[in-house]
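Take this structure first; my questions come after.
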Amino acid sequence: MEILGLYNYWVFAILLLIGLYAVITKPNFTKKLIGLNIFQAAIFLLYISMDKVDGGTAPIIPHGAAKDIIYSNPVPQVLILTAIVVGISTTALGLALVVRIREAYGTIEEDKVISMDRDQ
Amino acid sequence: MEQVIDIISWICLLGGALVVLIGGIGLVRFPDLFTRIHAASLADSGGAILVIVGCMLQAGLTLAGVKLAAILLFLLFTSPTAGYALAHSAITAKDDGLDVDIESD
Amino acid sequence: MIIVFSLFLLTMMVVVALAVVETRNLFAAAMLTGIFSFLMAANFFVLDAADVALTEAAVGAGVATVFFLGAIALSSEHEHSASRKFGLALLAVASTAVVILLGTMEFPILGDGSAPVHQHVAPWYLEKTPELIHVPNVVTAVLASFRGYDTLGEVFVVLTAAIGVLSLLGFPRNNSEENAVNDGLSHQKILHIVGKLLIPLIILFGLYVQFHGDFGPGGGFQAGTIIAAALILYALLSGGDRARRQMPPRLLFGMACLGAFIYAGVGGTTLLLGGNLLDYSVLSHDPVHGQHLGIMLIEFGVGLAVASVMLTIYHAFAGHEHR
Amino acid sequence: MTGFDSHGMLLGMILLIPLLGAVLVGMASRWPNLRETGSVLAALALTFAVWSLLPGALAGERPELVLFEILPNVPFAFKAEPLGLLFAALASLLWVVSTIYSMGYMRGNNEAHQTRFFMLFAVALFAAMGVAFSANLLTLFIFYEVLTVSTYPLVTHKGDEASMRAGRVYFGILIGASIGLFLPAIIWTYALTGTLDFVPGGILEGHLAGPAVGLMLGLYVYGAAKAAVMPLHRWLPAAMVAPTPVSALLHAVAVVKAGVFTIVKIIIYVFGVDFLFATPSSGWLVPVAAFTVIMASLIALRQTNLKRLLAYSTISQLSYIVLATAILAPLSQVGAALHIAAHGFGKITLFFAAGSIYTASKKTDITQMNGIGLRMPLTMGAFAIGALSMIGVPPMAGFVSKWYMLGGALQTENYLAIGTIILSTVLNAAYFLPILYRAFFLTENVAPPREHGEANWPIRLALGTTALLTIAFFVFNGPVVDLEMQLVETLL
Amino acid sequence: MLAAQYPVLPVIVPLLSAPIAALMPNRSLAWIMASLVSALVFATAVALTVIVSAQGMISYEVGGWPAPYGIEVRVDSFSVVMLLVISGASTLALISGKASIDAQIPSDRQPLFFAAWLLALAAYSGIAVAGDAFNIFVFMEISSLAGYVLIANGPDRRALPATFKYLVMGTIGASFYLIGVGLAYMMTGTLNIADLHARLGDVPYLRPILLSAAFVTIGLAVKAAVFPLHVWMPNAYARAPSAVAVFLSACSTKAAVYVMLRFDFMIFGGAFAHHDVQFSTVLMSLALLGMLIGSAVAIYERDVKRMLGYSSVGQIGYILLGASMISLGGVSAGVIHMFNHAMIKGGLFLAMGALVLRLGGGTLDDLKGAGRTMPWTMGAFVLLGLSLIGMPLTAGFISKWYLVQAALDLGTLGIVLIAAILISSLMAVVYIWRVVEVAYFQSPQAGASKHQEAPLMMLVPLWAVVLANVYFGLDPSIPVDLATNAANILLEHAK
C-alpha cells in the first residue's frame, strides 16, 4: 500500500517527460505549445500532491469551527494558482506568435521555417 | 428510513454509471456522426440525471443538495443544446462544402 | 479510499496526454487538452485543493481551449511534417525519467502528516489566519495578504500577456455598422435562446465566486475567467462585430490596465500610509478590518484584470482578419 | 597621494605635449603647412622638456609623478630613471628629425591621409614617452598596448590588400604575444611579489627560484614581441609595406626601441642582474639572442629589396641589445643602453637614405642602384656613415656601444657572446659594403624614369642631421656613459 | 519615511507606471515616461548602493509579515551590483534608443512596447532584490514574457521564430527552476532563501536535495544561456529591435547567473559537503567549453549582432569560470566581469544599433566602409571591442586581470584556465578585428556615400559608455569593492 503513495510523483515524472518529448520532437509550433502545457501541468501535480494530509479537508476554517480538524497545506495551492495563470499567459503569447509566424512564413512547421530563413 | 434512501441512491448512482458506460460503447460502435451524437447525448442527459439524483439523495436537504439541484438544472439546459449545435453545424457544414467526414468507418 | 480515485484519474491523465501528443489533427489535440485539464482539476479536488481545482477547470479547460481554437482557426488544423530525430530526444527524455524516478524513492509518502512540508510554515498560516485576518478561506488569505507580493507579480503576468498579444496581433478593427459580417451563430435560434438564458446566470455565478472568495473556494482569477467565459459566449452568439461594438477592445484593455493598476495602487497606498508594501493593516483603523478591505480591493482588481485580459485576447484572436 | 614636485610637473608636461601635438595636427588638417610646423614645434618642445631633465638626472635626481591607483598598490605612476631618460631623449630628438623628413617624403610622393599620419605619429610618441617613464610594469604594459594600437593604422597606411595582410600579421603577433605571454607574466609577478614597481636590484629575488625564473624570463622576453627576438620577428619585415617615415618610426624611433627597452628594464629592475646571474636557469637567453643575431644577418645577406635588408639588419641589431643584457655584466648593461641610441641614429639614417632614393628615383632594389652614389652623393654619403656605424667602425656611434658590450663579455668570460659579436660584425660588413661598392664604383645599369639629383630639401636636411648625430654621438658619448653608469653603480 | 522603502521602490514604481504607459495616447509621451521611470530606478539603485556599502544587508518584509511567513525583500552588495547593471542598461538603452525605436517599431504599437519594457525593468529589479525562491520564479516569468514581447517587435520577420524558440526554451528553463524550488520546499517546508539555507542542513534524505539542485542549476543554465543550452540567445538578440538588444544583452542572462550563484552558494552551498566540488567541476567545464566554442563560432559569424551574441556566450563562460573557482578572488572576479561585461556588451549593441539605423543592416557587407562614413560610431565600436578583448586602460582588462590572478592560486589547473582565458581573448581579437578590417579597409558599397553620422541622441550615450569603460578601467574601486563584499557574502554562506 505504501508504494501507492509515490504514484503521484511517478505520474508527475511521466507527464513531465511526455511534455518534454512533445516539445523536442514535434516540429509543429502549436503542438509544441500543447506539449509545454502538459509539461507545466505536471509541475502543478507535483506541488499539489505535496499538500494532501490523510483525513484532512480543504483549508477553509469557518467561524467557530472545532479546533481538532486536520487541514491540508494551503501554501502549494497558492503557488500553483500563480503558476496556472503564468502557464496560460505563456500559452496565449505563444499562440499569438504562432498566428504571426503563419502569416509571415505561411507555415507553422519549424523545419520549413528554418529552411526558409536559411536560404533567404 | 436511512437504509432505504441509501439503497435508492446507490441504485441511481449505479444506474447512472451503467448508462454512461453504454453511451461510451455506443459512441465507439456507431458508424456515422449522427448516430454517435445520439449515443453521446444519451450518456449526457440520462447518465447525468441519474448520478446527480443519487448524489442529492446522499446529501439530503443541505446546502450541497441545493447546489446539486442547480447543477442538474444547468446540465439539463446545456447538454441537449450542445447535442443540437453539433448536429446542426454538421449539416450546415456539409451544405457549405466543408469536408466533414460524417460517414467515417 | 480516496487514493483509488486518484489512481484512476492519474492513469487517465497519462493516457490522454499520450493521445494529445500523438494525434496529428490539432483540433482534436485542443479538445483533448481540455479533457486533460478537467481530469487534472478533478485530481486536484481529490487532493483537497478546491481553489486550484476551480482555477484549473476555468482557466485550463475553458479559456485555454478557446485560445487554442482561436489560434488553430487562424493557422493550420493539421500537423504536416513528421516529427524528427527520435533517438536523441528519446534518450535524453528516458535518462531524465530514470533520474527523477530514482529521486522519488525518497520523497515523503502522499498524505503523511509528518512530512516536513506540514511542519514549518503551513501550521503558522492555519493557526494565524482566523486570528490575524479573520477570513475562513486560508488559501485566499495567504494568496492575497501573506504572499500578496506574488499575486501582484501574477496580475502583471496576465497584463504582460495581454500587452504581448495586442502588440503582436494588434487591436481588432471593428468594421462599421452596415457591412458588419454576421458571422455569429445568431441564425441558430435554439442556441440563441438558450445562450440568452444562460449568460446572465453565468455572470451571476462569476460575481458570486468573486465575492465569495473569502469564505469558500473562489477569488479574483476564477471569477474573472468565468465572467470572461460568459462574455465570450455572448460574443460567439451575437457575432464578433456586434460584441466588439458593445465592448470596444480598447476599453477592455483599458479595464485590464485599470485592474492591474488597482492592485499596484493598493500596494502604493499602503506605502504612502506608512506601512510596508502591501501591508493592508494600515488601510483602516483596525488591522483586521484593514486586511478585509485590502483583500476585497485586490480581489476586485484581479477579477477585473483577468476578465478583461481574457476578453481582449479572445477578441484579438477572433477579430484578427485572416490574411 | 599624487606626489608633485617641480620635476614631476615636467614629467606630466612631457606626457601631455605629444597629445597636444596630436590634437593640434588634427585641428589644422586643412592647412598643411600649419599642420607640419605644429608637429615640428611639438617635437621641439618635447625634446627641450626631456633634455632639460638630463642635467638633474646626471646629478642623481629621480623625478616621480604618481597619479592614481588602478589596482591595490599598483598606481598609475611615472619615474624618470637613466634608462628611460636615454630612450625618451632619443625618441624625442628623432621625432623632430623624422617630422621634417616626413614633410619632404609626403610631399615628394603625395601620400594620402597625411593628417592621420602625423596625428598617429604624435600618439605613438606619447605612448613611447609613457613606456620610457613608467614606474611600474602595469603602466608600462598600458602604454605598450597603446603603442601597438596607435601604430597599427600607420602600418596599414595604404589601405590596400597587401597592407591589410601585413597589418593582420603585425597586430596578430604583437597583441597575441602581449596578451598571451606578457600579461600572464605581469600577473604572475604581482601574485608572487604583491608589487609591480621597478626597483633597482629587482623585486623577484627570494620569491622565485629554479626553473620558474627561466620560464618567467621567457614569458617576458617573448611577451615583449616588439623586440623581434626570433621566432616572433615576422611582423617586422611584414611592416615594410608601409611608407618609409613609418618604417623609420617603427625601426628607429619608437616601436622596436620600446620592445628592447622593456626587456632591458625588466632584466635590470624586475629580475635584478645579480639575481639572474646567480640562477643558472636564465642561461638560455644568450644562445637564443646569439642565434637571432646570426640568423637575421644571414637572411639579410640574401635580401635584394633595400628596405627588407634594413628590416632584417634591425632584427639582428635588436638581438645585439638583448645579447648585451643577457651577458649580465655591468659593463654590458651600459653597452646595451648605448646601443639603443647608436642603433637609433644609424638605422634612421639608413632608412632616410632608402626613402630619399625611392622619392628621387623610385628604386627599391639594390641591383638597380649601381652608380647612384654619383647622382645622389649626399644621400649615399649619409648611407655610408650609417652603414659604418652599424658595422661598428670607430668614428661612428656603433663602435662605442660594441666597445662596452665586448668589455662586459670579457668581464664575464662569455666567449659565446664575444664570438657572436665578432662574427656578426663581419656579416654586417658583408651585407653593407657591397651596396656602397655598387653605389660608388659601378656604372649605372638601370636608367631612372627621369633625370634626378638629390631629393627635396627637407629630406636632405633630415638626412644630414642624423648622419652628423651618428658621428656626434661618438664624440660626445661621455655624459651619456656617465648617465648609464648610474644604472649599474650599485653592481660595480 | 521613503528611505525605508528604497528596497521595494525599483519594483513598484515601474509596475505602477507600466499600465499608464500602455494607455498613453502617443509614442513620445510613453517614451518620456519610460525614460523618466528608468532614470528614477537608476537613482534608487545608486542610493541603495550608498546605503548597502554603509550598512551592509537590508531586509524588508513585504506586507508587514515576518520573514519565513511573509515574502522578504533582501538587498546586499551582490543585488546592488545587479540593480546598477539593470537600471543603467535600461536608462542608457531608452535614452539612446528613441531614433532606432521610431525607425523599427510602428508608432501605434510603441505605447505597448514601452509598457512591456517597464514591466521587464520591474521584473529584473524584482529578481535582483528578491529574498524568496518562488518570488524569483514569478519575476523571472514576468521578465521572460516581457522579453518575448520586446523581441517579437523586431523589424523583420525572423524575429518571430527567434522569439518562439526563446519562449519555448525560456519556459522550460523557468519550469525546471520551479521543480527545483518545489523539491526544496518539499524537503524543508519554507521558501525564504535564508531560511532554506538554515533548514537544508538537517534534511535526512540527500537525494531529493541533489535532484532539486540539479533542476535549479539546469533551469537557470537555460535562462543564462550557458554553453550547451545557449542556442536561443544569438538569434534572440540579433533579431530584436536594437534598443532591446542593448537592454537585454546587458541584463537578461546576468539575472539568471545572479540567481544561479545565489542558489548554489547561499542555499545548496552549506547543505551538503561535496556540493561545491560537484558544482565547480560541472560549471567550470561548461564555462571553459562556452568560452572557447562561443568565441570560435563568433569568428565565423557573418551577422555582427549574432557574432556579439555568441561572444556573450563566451563572456558568460568567463563569469561562471570565476564563480566556479569557489575562492574569494574567483567569485569577485566573476561579479566584476558581470558588471564590466554588461557595460561593454551594452555599448557594443548600442553602436550596432546606430550602424543598423544608418546602414540598413547588421551584416559584415553592410558595414563596409563604415569607418569613414560613420567615424564616431565606428570609433566607439573599436574602443569597446578593445575593452571586450581586455586591452589595458579598459574595464575588460580589469576583469581579465582579476580572473587570471584568481586562477593563479589554483596551481596547475590554474594554468589550464589561464590558457583558456588567453586563447578566448585572442579569438576575441580575431572577431573584433574582422569588423574593423571591413569597416576601415573596404570601400563603402555603391550609393553608401549618403550615410551620415548617427544622431546625436545616440552618439552621446554611446560615448558616455565608452568613457565609463575607460574610467572603470582606470579606477575600478567601486565595482571591485562591491564585488568583493558580494563574494564574501556568497562564500561565508557556502561554508
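Order of writing sets the labels: A, B, C, D and E. Residues in every chain begin at 1.
Everything below uses one rule, namely that a contact is a pair of C-beta atoms (placed from the backbone, for glycine too) under 8 Å apart; a residue touches a chain by one contact, two chains touch by 3 or more.
By chain, UniProt protein names: A = Na+/H+ antiporter subunit C; C, D = Cation:proton antiporter.
From a predicted model like this one, the values you see are computed outputs, not experimental measurements.
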Chains touching both subunit A and subunit D: E
Reference subunit B; chain at largest CA-centroid distance: D
Central chain (distance from its CA mean to the mean of all protein CA atoms): E
Label of the chain whose CA centroid is most distant from the centroid of subunit A: D
More contacts between chains, A-C or B-C: A-C
Chain centre separation in whole Å, for subunit E relative to subunit B (CA means): 56
Whole-Å gap between the CA centroids of subunit A and subunit C: 12
Between subunit E and subunit C, distance of the C-alpha-averaged centres to the nearest whole Å: 32
Inter-centroid spacing, subunit B versus subunit A (mean Cα positions, whole Å): 29
Sequence positions of subunit E contacting 2 or more other chains: 134, 138, 141, 145, 148-149, 152, 185-186, 191
Per-residue overlap in subunit A, given as positions that touch at least 2 other chains: 16, 20, 50, 75-76, 79, 82, 86, 89-90, 93, 97-98, 100
In subunit B, residues with contacts to at least two other chains: none
Pairs of chains in contact (touch as defined earlier), listed by label: A-C, A-E, B-C, C-E, D-E
Subunit D to subunit E touching residues, read off their complex: 68-71, 76, 138, 141-142, 145-146, 149, 153, 156, 159, 164, 167-168, 171-172, 175-176, 179-180, 183-184, 187-188, 190-191
Subunit C - residues contacting subunit A, complex: 3, 6-7, 10-11, 13-14, 17-18, 20-21, 26, 29-30, 33, 36-37, 40, 43-44, 47-52, 55-56, 59-60, 63-64, 67-68, 70-72, 74-76, 79-81, 83-86, 89-90, 92-94, 96-97, 100-101, 104-105, 107-113, 115, 117-118, 121-122, 125-126, 129-130, 136-139, 142-143, 147, 150-151, 153-154, 157-158, 160-161, 164-165, 168-169, 215-217, 219, 221, 306, 313, 316-317, 320, 323
Contact footprint of subunit A on subunit E as seen in their complex: 134, 138, 141, 145, 148-149, 152, 157-158, 160-161, 163-164, 167-168, 171-172, 175, 178-179, 182, 185-186, 191
Complex contacts: residues of subunit A adjacent to subunit C: 2, 4-11, 13-22, 24-28, 30-31, 33-35, 37-38, 41, 44-45, 48-54, 56-63, 70-82, 84-86, 88-93, 95-100, 102-103, 107-109, 111-112
In the complex with subunit E, residue positions of subunit C that touch it: 99-100, 102-103, 105-108, 115-122, 124-125, 128, 145-150, 152-154, 156-157, 159-161, 163-164, 166-168, 170, 253-254, 257-258, 260-261, 264-265, 267-268, 271, 274-281
